[in-house]
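Take a look at the structures listed below.
Common to both upcoming complexes is subunit A, partnered first by subunit B, then by subunit C.
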Partner chain A sequence: MRLKLKQDYFEDIELFEDRVPIFWSVVLLGFLFALPFFVKSYYLTILMLMSVNAIVALGLNLLVGNTGQISLGHAGFVAIGAYTAVLLTKAGAPFIVSFAAAGVVAALFGILLGVPSLKLEGPYLAIATLAFGLAVTVIIGRMDFLGGRMGVSVPKLSLKWTGLKYDTSLYYLIIIITILLTIFTRNFVKSRIGRAFQAIRDSDIAASSIGINLTKYKLLSFGLSATYAGLAGALWAFYLGFISPTNFNFILSIMFLATIVVGGLGFVGGSIMGAVVMTFLNIQLENITDVPILGSLIEKFSEAFMMHSAISNVSWVFTGLILILIVLFEPMGLYGIWLRVKLYWKTWPF
Partner chain B sequence: MALFEINNLTKRFGGLIAVDNLSFSIKKGEIFSIIGPNGAGKSTVFNCINGLYKPEEGSIQFKGENLIGQRPDQVAKMGIARTFQNLELFAHMTTIDNLLLGRHLHMKANLGQILGLNFRRSKAAKEEITHRRKVEEIIDFLELESARDQYVSNLPYGKQKLVELGRALALEPELILLDEPAAGLNQEEREEMVFWIQDIRDQLGVTVLLIEHNMQLVKGISDRILAISFGKKLTEGTPAEVLNHEEVIKAYLGEVV
Partner chain C sequence: MILQLIISSIVAGSIYALMGLAMSITYKASEIPNFAQGEMGMVSTYITFVALSSFGMSFLPALFFTLLFAFLLGVFLEFAFIRRAKNPTPLSFIIITIGFQLMLYGFAGWKWGADQRRLDLPFSETKTIIQAGDVTISELNLATVAIAILMMGGIYLLLNKTKLGLAMKASQQNEKAAQINGISTKRILAISFGISSMVGAIAGILVAPIITLDPSMMWDPLLKGFAAAVLGGMKSLVGVVIGGFMLGLIENIFGFYISIEFKSVVAFVIIVVILYFKPEGLFGKHYVRKV
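Let's turn to the complex of A and B:
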């Protein structure tokens, strides 16, 4: 059994508890950075998608897992971020400007959507955010200068200076931003503001009576969560190369919510795990008909009970199944499983 | 001069008058208790002070400043901390995080500074360490060492009460409002609670306003007691005076038929 005795207060807030996670983090970083030299760009695109989803999940988890609010409209923020970045890039702004602007504009809308959260709770708030998510795509679809419902192509970033292939440079860009945001989020959760968020989740009466301004922190939570979604939206646009309002539909918002529930509500690690697993499942389940025997059975089942020739529905059935199982058996999600495995390993053989 | 003063406070819920024209004042360094049968309006008084309720009439003054119309977080900022009758803890957080939240008002790190939390010499980390040290002092004071890293929801009730007390103390208030601190505690825990409350006044110099049903506890520690019934003041004075007062006995035990 490995037991670590802490000797000073800084160890309580350090990024890594001891050498073991440092070692594995270095291994993971090395793997991520070496990857483009060994695999086809198809796998890079999967990792990019995972990263972008992870950024949204990090933000949504701050709002839902940490602050105890709800948003069924996060795809709306992603759309706002994406379209902001595209507009500015088209106008000739450099990446850093359009990327930051995507975050800022989404944050403003986030704060705006936060206003109902001051009065509404639970299902009422859910409906308000749902309406927002739906409205955003409809409004964008009506704006001709944004390409309307037909969509708009995204100009490529000038990443030639890296001397690498475009896909590879974009991959590095997205990975680095994701890592930085993950570290920031983890610090945030350990900080006074992060704790204030959790206080609001557990008891808003107690939170206010110890001096937490509910209005300020709820709005901050919505704003911050939307910022993540906006930033992710910008990256997503550059990654896709072409965006239209249908990319940001209601299902996507639900998908984000499912991601953090599967990953583990209120855990930074959970957001990452959820994004990796859910993205992977979504991609893999679309090819489920290729699986021998099982594939054709599922195809028959899908045609009999669900929409005709719409096999992608199957992936939703599985996603739903996973969600139900997680909520029933491991409410802390994948991260909860990870914590349990870690505890078992640390305290072995007891 | 009185540290804290309530004048002609009235709080109505529709037709029900929960607090009726109530006045009292507390001197600095006092342990002041409010007693009264169930539904007498004791917790309502707390909620009015704390800013959760807005009274219809009257005034509440703390160090010469008006409290009515202030939000709970503003009241906390002025130096008034409270505990709740039915525990309002941050149940999914550890004891130390609960106590650190009590330090929220004293911490200043903003979004930008949080970025530096990974570096020992950064402003945010230094602040965090200072306040963690402070919280450890409270853990020592209330002997909460064994509960330090446990989730509050897993702690026994008596310990949870102490964590809530510790969280209020972490604010370093000048006045602390304790809503039935001994409710639900066993004999031993109750006796310990008496010591904590006395220590809070004697060692930390915090003025205490408390609501309690346990007469033994109230008698033992109060400097002065206010008895209320149906929102009205019955009497006010030293424990011996109040507990032997005819009206008080009548309010608790009813009239002799």
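Let's turn to the complex of A and C:
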């Protein structure tokens, strides 16, 4: 048994509790960086998608999990980031400029959306954010210089100087940005601002009575969350190579929310786990008939009772079922399971 | 022309109001915004479709079976999922209903495919009832408005004049006190889910002939109905109905005179602006929460 007791308040805000997570983090980093030399580029694209989703999830989790506000319109911020990046890259800006601009523009819109949301909560806030998400896609669809509804193709980044294949260098770029943002977020939630967010989530009235400026911190939370989504949007655009307003529909917003709920609300690790698992599931569920045992059962059932040509809809049924089961049986999400398992082994055999 | 616009706003508004009422009933009972409402109505409408076309029933028995199914579906949602939630937060209910929505959407797509089907009701869209000048009212428009008004009256009577309505109000206002007085609050909640699902099914049957019957047909009415309910104040029945008609009016007037493409966006933007000044909706009562 190896339990470490905390003796100092500052140990609460340390990035790593002891040397074990540092070791495993280094192993994971080494694995991620060595991966392009071993696997096909198909797997790299999956990992890129996971990373981009993880960035959105990190930001959304700050807003939903840490500050306790809900957003059903995050796809709107992703769209804003993606289109900003594309526009600037087409105008000849280097990657770092268009990437940063994507974050800044999304943040401005986040603060803009945050203003009416200050007074709202529950379903009222849900409708306001949902309206924003819908409005963004309709307005982008109307703007001809953004490609309108037909979409726009994204210019390739100039990554020749790395001397690697385009896919590989894009992979490194996305992975490095994701890792930096993860470390930043982990520090951030333990900072003064991060703790203010949590106070607002637990009780906004109590928080304001101990001197937390609700307006400032709620706007900050919206802005920061939107920044993450904007940055992810920029990376997403470069990863996909082609974007259109239909990419950023209401379903995408729901999937982002689902990602953090499955992963674990309010945990940085939860955002990452949720993004990895949900992305993987989405890809797997599209070819559910290839899954051993279950796949053939579903196929038989489908042939007997359902419209067999529409079997791809099964993925919706399973996604919905997973969401419900996670909320019912593990409200802390996958990260909650991980914490329980960890605690079990730390205190084993008691 | 303005008259025709007002008529189509009233038709759209009555559907929004019905969806809004369906959401409002469960929200009043449990503070759960039911995002699955639209999909529950959609699946129920498919039941009508199957009863009419595959079993060759006439309309009224088909409607009976649809409403029965819708009621059971609502009770199922409450009994199987909502009731099982441990230490629920508002967000976990939203996730549960979104999960149920995705399940129903997938199920309908799997069972009936994405084909757009025609639901044949006894009142048709092409038959004109009133024609005065440039104003035409079709049979379907008239039936939609009439059924919606009947439903609104029915819901009002049910919630305000019956024992069941009283029990619903009691269990919503103070769960413990209601239980002490012998009300099974869980059963009441299940029944309110069933009733709201029936209202949603009626809305679905009225929507299906206007836009064809397919698994995604209720997306728009759900969001608009929800928005209408929020606009009027989720907990006020009168407010929800007025919100529904207002939304229909705003949408149609704007769509005709300014831009048809932005009509739904503008409706939402107006709602956000109104919510900024009245956060609890136009007719909602303001609650002050305590720590």
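Everything that follows uses one rule, which is that the second predicted complex is superposed on the first by the 320 of 350 C-alpha atoms of A that agree within 3 Å, B and C clash if a C-alpha of one lies under 4 Å from a C-alpha of the other, contacts with A are read in each partner's own complex, and residues count from 1 in each chain.
Note that contacts are C-beta pairs under 8 Å (C-beta built on N, C-alpha and C of every residue); 3 or more make two chains touch, one makes a residue touch a chain.
Keep in mind it's a predicted model, so treat the numbers as computed, not measured.
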| item | value |
| --- | --- |
| Touching partner for A:Val86 - first (subunit B), second (subunit C), both, neither | neither |
| Contacts of A:Ala196 with subunit B and subunit C, given as first, second, both or neither | first |
| Subunit B versus subunit C as contact partner of A:Ile70, first or second or both or neither | second |
| First (subunit B), second (subunit C), both or neither touched by A:Ala206 | both |
| Subunit B versus subunit C as contact partner of A:Leu257, first or second or both or neither | second |
| Subunit B versus subunit C as contact partner of A:Val105, first or second or both or neither | neither |
| Per-residue touch tally on subunit A - higher for subunit B or for subunit C | C |
| A:Phe188 touches, of subunit B and subunit C: first, second, both or neither? | first |
| Subunit B versus subunit C as contact partner of A:Leu214, first or second or both or neither | first |
| Contacts of A:Ile140 with subunit B and subunit C, given as first, second, both or neither | neither |
| On subunit A, the residue positions that both subunit B and subunit C contact, one per complex | 203, 205-206, 209 |
| Footprint of subunit B on subunit A - complex, ascending | 8-10, 12-15, 183-184, 187-188, 190-193, 195-196, 198-199, 201-203, 205-214, 266 |
| Complex interface listing, subunit A residues touching subunit C | 64, 70, 115-116, 119-120, 122-124, 126-128, 130-132, 134-135, 138-139, 142, 203, 205-206, 209, 250, 254, 257-258, 261, 265, 302, 305-307, 309-311, 313-324, 327-329, 331 |
| In the complex with subunit A, residue positions of subunit C that touch it | 27, 31, 33, 81, 84-87, 90-92, 94-96, 98-114, 215, 219, 223, 226-227, 230, 234, 261-262, 264-265, 268-269, 271-273, 275-276, 279-281, 289-291 |
| Residues of subunit B defined as touching subunit A within the complex | 50-52, 71-73, 75-77, 81-82, 84, 88-93, 96-97, 100-105, 107, 109-111, 114-115, 117-118, 120, 124-125, 128-129, 132-133, 136, 167-168, 171 |
